[in-house]
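Two complexes follow with chain A in common, the first pairing it with chain B and the second with chain C.
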Partner chain A sequence: MTVAAVEPPRGARGLRHVVRAFPTLLRVGFAEIIAYRAEFLVWVLTTNMPLVMLAIWRAVAADGPVGRFDQTQFTAYFLAVLIVRLLTSTWVIWQMSMEIRDGTLAAKLLRPIHPLVAYAAEHLAAVPMRALVVSPIVGVLVWVAHDRLALGDPRLLAIFLLSLLGAWLLIYFTMVVVGALAFFVDSALGVFDLWIAIHAIFSGYLIPLESLPSWIRGAAAVLPFRFMLGFPVEVVVGLLDPAAAARQLAVQWGYVVVLASVALMVWRAGVRRFQAFGG
Partner chain B sequence: MTLATIVGRYARLTKLQVRMSAVTAMQYRGDFLVRGLLSVLGMSVTLLPLFIVFAARPNVAGWSFPEALVVVGWFTLLRAVLEGGVSPSLTAVVEHLRHGTLDFILLKPADAQFLVSTAKMEPWHVVDVGGAVAIFAYAFSKLHRWPGPTDVLLGLVFLGLAVLVLYSFWILVVSAAFWVVKVDNLSYLFQSLFDAARWPITVFRGALAFVFTFVFPLALMTTYPSLALLGKLHPTTALVALAGGIAFAVAARGVWRRALAMYTSASS
Partner chain C sequence: MIEVKDLTKTYRVHKRAPGVAAALRSVLRRRYEDVKAVEGLSFRIADGERVGFLGPNGAGKTTTLKVLAGLLHPTAGEVRVGGFVPQTRDATFLRMITLVMGQKQQLLWDLPPSETYAMNRAIYDVPRADADATVKELVELLEIGDLVDKPTRQLSLGERMKCELVAALLHKPRVLFLDEPTIGLDVAMQAKMREFIRDYNERHGASVLLTSHYMDDVVALCPRVIVIDHGKLIYDGDLKELVRRVRPDKRVTMRLSQPAPVDKLAALGTVVSVEGAKIVLSVPSARLSSVVRDALAALPVADLTIEDPPLEEVMRELFRGPTDEARVVGVRAGA
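Our next item is the complex of A and B:
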């Protein structure tokens, strides 16, 4: 049976509808995080690669700086990577591919709210808990490298906060695009692995982008990956001046708009194909 | 039953289980090709940070580039064993536990740990083994010397030990599923920690060095085998590592049996 999706209200009325429902959705999401707190903590612990890379780059920089990076700069950079990554990561890819495959998506389609809004609320609800987990790392970062951080400049601080939100949206919408592949192919998990591997190189997760060979650096500068992680990190550890940061913030939000439209398009095409199993 | 008949019986069982997995895998030939391609891409991503780090310095924490490549070779090989031979089977146990179908395995007249551990394999990971061999060949050609026969033998002993320790860790993770059921993210944690094994242990300092040597012994999995192959492994370290690894495997088996003893099935 094909599930006919209930069309959520459109236009201004639709927006009002979403705004009214959103706080409740957030509360539900938050309650779920609290209920599965042990699981949540294990997920947080799986993000340990920045600490490993921190150890490696510190060993590399033990006898002199690499480019602009000395040991303290590497520490600041990778602690910031850890913080930004923990604050912005979502698991919507896995959730979508599972719900599409086992058909539970059908229930979401019947609710009078767009499933992408529902997913977004569920995942945003995890941010306060993540912020709590991250706060000691922020403490260490400030203690180790307070003189390098962009905290003194209110412009940079504002750009950093906006870039964090932009990074979250960018990751969310690209994950929706990749996750929606599950509508079209049976096993999209291989594609996810590939996506994670490419992301790790081009976002500055493993290597600060300015330490990359020039041909990758060129590609990384124009690809969207950098704006999901490397850009906010570079702003907060003071590697960018305010003018350059503002310019790149505009590029980041341009990408957000583009990817949001692509995500909506792919989603719409996918739902049209979707047939719940056992429905 | 004598020991010989038991060994013969389990050898026959292993062959059967491997054939079953191979037959299943052959049904998805397209998938095989895609996965193989993804493996090759994944390997290049593994190597890139190494190239960049050693472009900045000829030596990092006492390791030259070709020596560190040997570590990556072991890492690739072990990951192939882990993802091809160990984790698919043991992930299936967690599913069995949740659905209560573990009963059917426990009823079979063979050791349950053996049966669940060999239940599912992904033969296409052979591609990764080929990649590991290529990395070894390249590394040693850059070193301009080849490992002697005793080094290779010691390396193989350590390969066995590393697989044993990896497997024992997995058994512990799976045993945890008897208590907490929802354990699939523990396996992600395990894999994310194992990822750090691509680097020689000496790059880590302080707490990380301690954890990766004694608690989650990545040193034993990739660094010591590499040192063995390079002919640099100290005999005392080798002996202590061997004893520690075997003791750990025995302990893991004990935990598995405890966990099994308290299994009450999901349906009753």
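Our next item is the complex of A and C:
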């Protein structure tokens, strides 16, 4: 009796292929980051708004705490904002916008791996370098506010790490959605400027959300922006208890699924319109 | 291997006159125009065939190649490559093909080509030993052993193009779409590339569809040509037959041991050029044998060669015709 070899389904084969290829893509991506290290460092160092806000809010809290926030809590919050921001931001929107417009996206479309996987690998490859830049800030945060941080609770620590990954994915897929607009309009970057302005208010980037008026807090609770930044920050600086953090983690990953689906839909519709200009 | 039936590709192009007023008007009301890049194109290419894809600038060659490679969705018609519909970009299909565009590159700009090869090995899921053997073989054939570890940005255009070809062939594709693969290369490098492409085709039985503005590429590589203009097919068949139909004359080149009077030369055929002792005549094919006999009898001929007119001239002649319909000079049966 012979047993026929069973071919795994196409989706499973594709996933296995991605898993095999991903480490090499990350390694090559990392080599590129090293090649552009000076430009990369300058870009990272331009993220200084949390330090400005830290100075402002510490001055405000000098006369007394603002809600639950005293000076140390503000320091912890904005240093954590800086850390999460540096670890989770990507530049895929600029890259996609440019590659769609000048036709260089063609090279990615010709390869047997989904371009969104290739972009993700390129951008995840930057995380180790970002972590290196962030490590002194982590040191300062632990030194200044070790008693406020949730690092001692393994549940909160696990939720924090998952929320960081969730935040990265949310930002990545949002940028893919906006970047893919370049398939339909001449430039998608104007839309992104609008997105940055809304994000700054509703994500907790400029002000801790609990210090804002209740209607903004209500809107922020249902919008995805908080889950891109404010939520992991609130977890790590001990503003959420484990049960509330776990519930909100589920909401965050729900948003990840929704945004990933939207990104894939926009991408598929966009690729049909791709004109592969140049050459 | 490649089947194209009634392929049409239309681009929607934003039209705007120059000037500030036109720019402001276009903010309120954008005007678009449909431009047909390819119209009703049909042909077939068998396994292992080398076919030249010719036409003037804007004829629709690159658009067709991009449709065949799955980059563009056709507006109408059917396309199959190796049994796949290209625009679905199935992973098996993408592993089967390669598209080399002389004006575009896939090499990572700031890293050595060896890093692109490592990336392609992973992406195309080629076993490491096979990939290493293929890279070694291609690197030796193209003589680029000392280049693959230099950053791409430090390579010359010709060096980059050779490294590009290794990246494009690492997964041993069965279908090669080559769009101006020798553009910008010097004559020696062009010859080397042609030799390499022919060798790959013969050893792997790969089908090759090549566009080039260097007619030497086409003559050296492609027994069959497909000619399009304004997106429409005007010839599909044997290259020699195309030359015979469009320019049924021959080039007779003679080297004389001593100068001869021009009227004697003109009596033999149309004088194309006289450079010292080297004379080039254009002679109708039907009169060729008598002209050669008369020339050998009447002139001090040291050396004589007979050739087809240069393909550049044939193409110029072909595209000078009045209308697309009038210029349809022949389509291969079954295409």
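The rule is simple: the second predicted complex is superposed on the first by the 268 of 279 C-alpha atoms of A that agree within 3 Å, B and C clash if a C-alpha of one lies under 4 Å from a C-alpha of the other, contacts with A are read in each partner's own complex, and residues count from 1 in each chain.
Please note the rule applied: a contact is a pair of C-beta atoms (placed from the backbone, for glycine too) under 8 Å apart; a residue touches a chain by one contact, two chains touch by 3 or more.
These numbers come from a predicted model, not from an experiment.
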>> A:Ser261 in the overlay: touching chain B, chain C, both, or neither? Say first, second, both or neither.
In response: neither
>> According to the stated criteria, A:Phe274 is in contact with first (chain B), second (chain C), both, or neither; which is it?
In response: second
> Thinking of the overlay built on chain A, is A:Arg20 touched by chain B (first), by chain C (second), by both, or by neither?
Replying inline: second
>> One more residue to check, A:Leu109. First (chain B), second (chain C), both or neither?
In response: second
> Regarding the shared-chain residue A:Val52, is it in contact with chain B (first), chain C (second), both, or neither?
Replying inline: first
> Which holds for A:Val28: it touches chain B only (first), chain C only (second), both, or neither?
Replying inline: second
> Which chain A residues contact chain B in one complex and chain C in the other?
Replying inline: none
>> Give the list of chain B residues in touch with chain A in this complex.
In response: 31, 34-35, 38, 41-42, 45, 48-49, 52-53, 55-57, 60-61, 180, 182, 185-186, 188-189, 192-193, 195-196, 199, 202-205, 208
>> Taking the touch rule as given, give the residues of chain A at its contact with chain C in the complex, in rising order.
In response: 14, 17, 20-21, 23-25, 27-28, 31-32, 35-36, 103-104, 106-107, 109-113, 118, 272, 274-276, 278-279
>> Help me check something: in the complex, which residues belonging to chain C touch chain A?
In response: 11, 62, 66, 69-73, 87, 89, 91-92, 94-95, 97-99, 101-106, 108, 110-111, 115, 118-125, 151, 179
> In their shared complex, at which residues does chain A touch chain B?
Replying inline: 38-39, 42-43, 45-49, 51-53, 55-60, 62-63, 66, 187, 190, 193-194, 197-198, 200-201, 206-207, 211-213
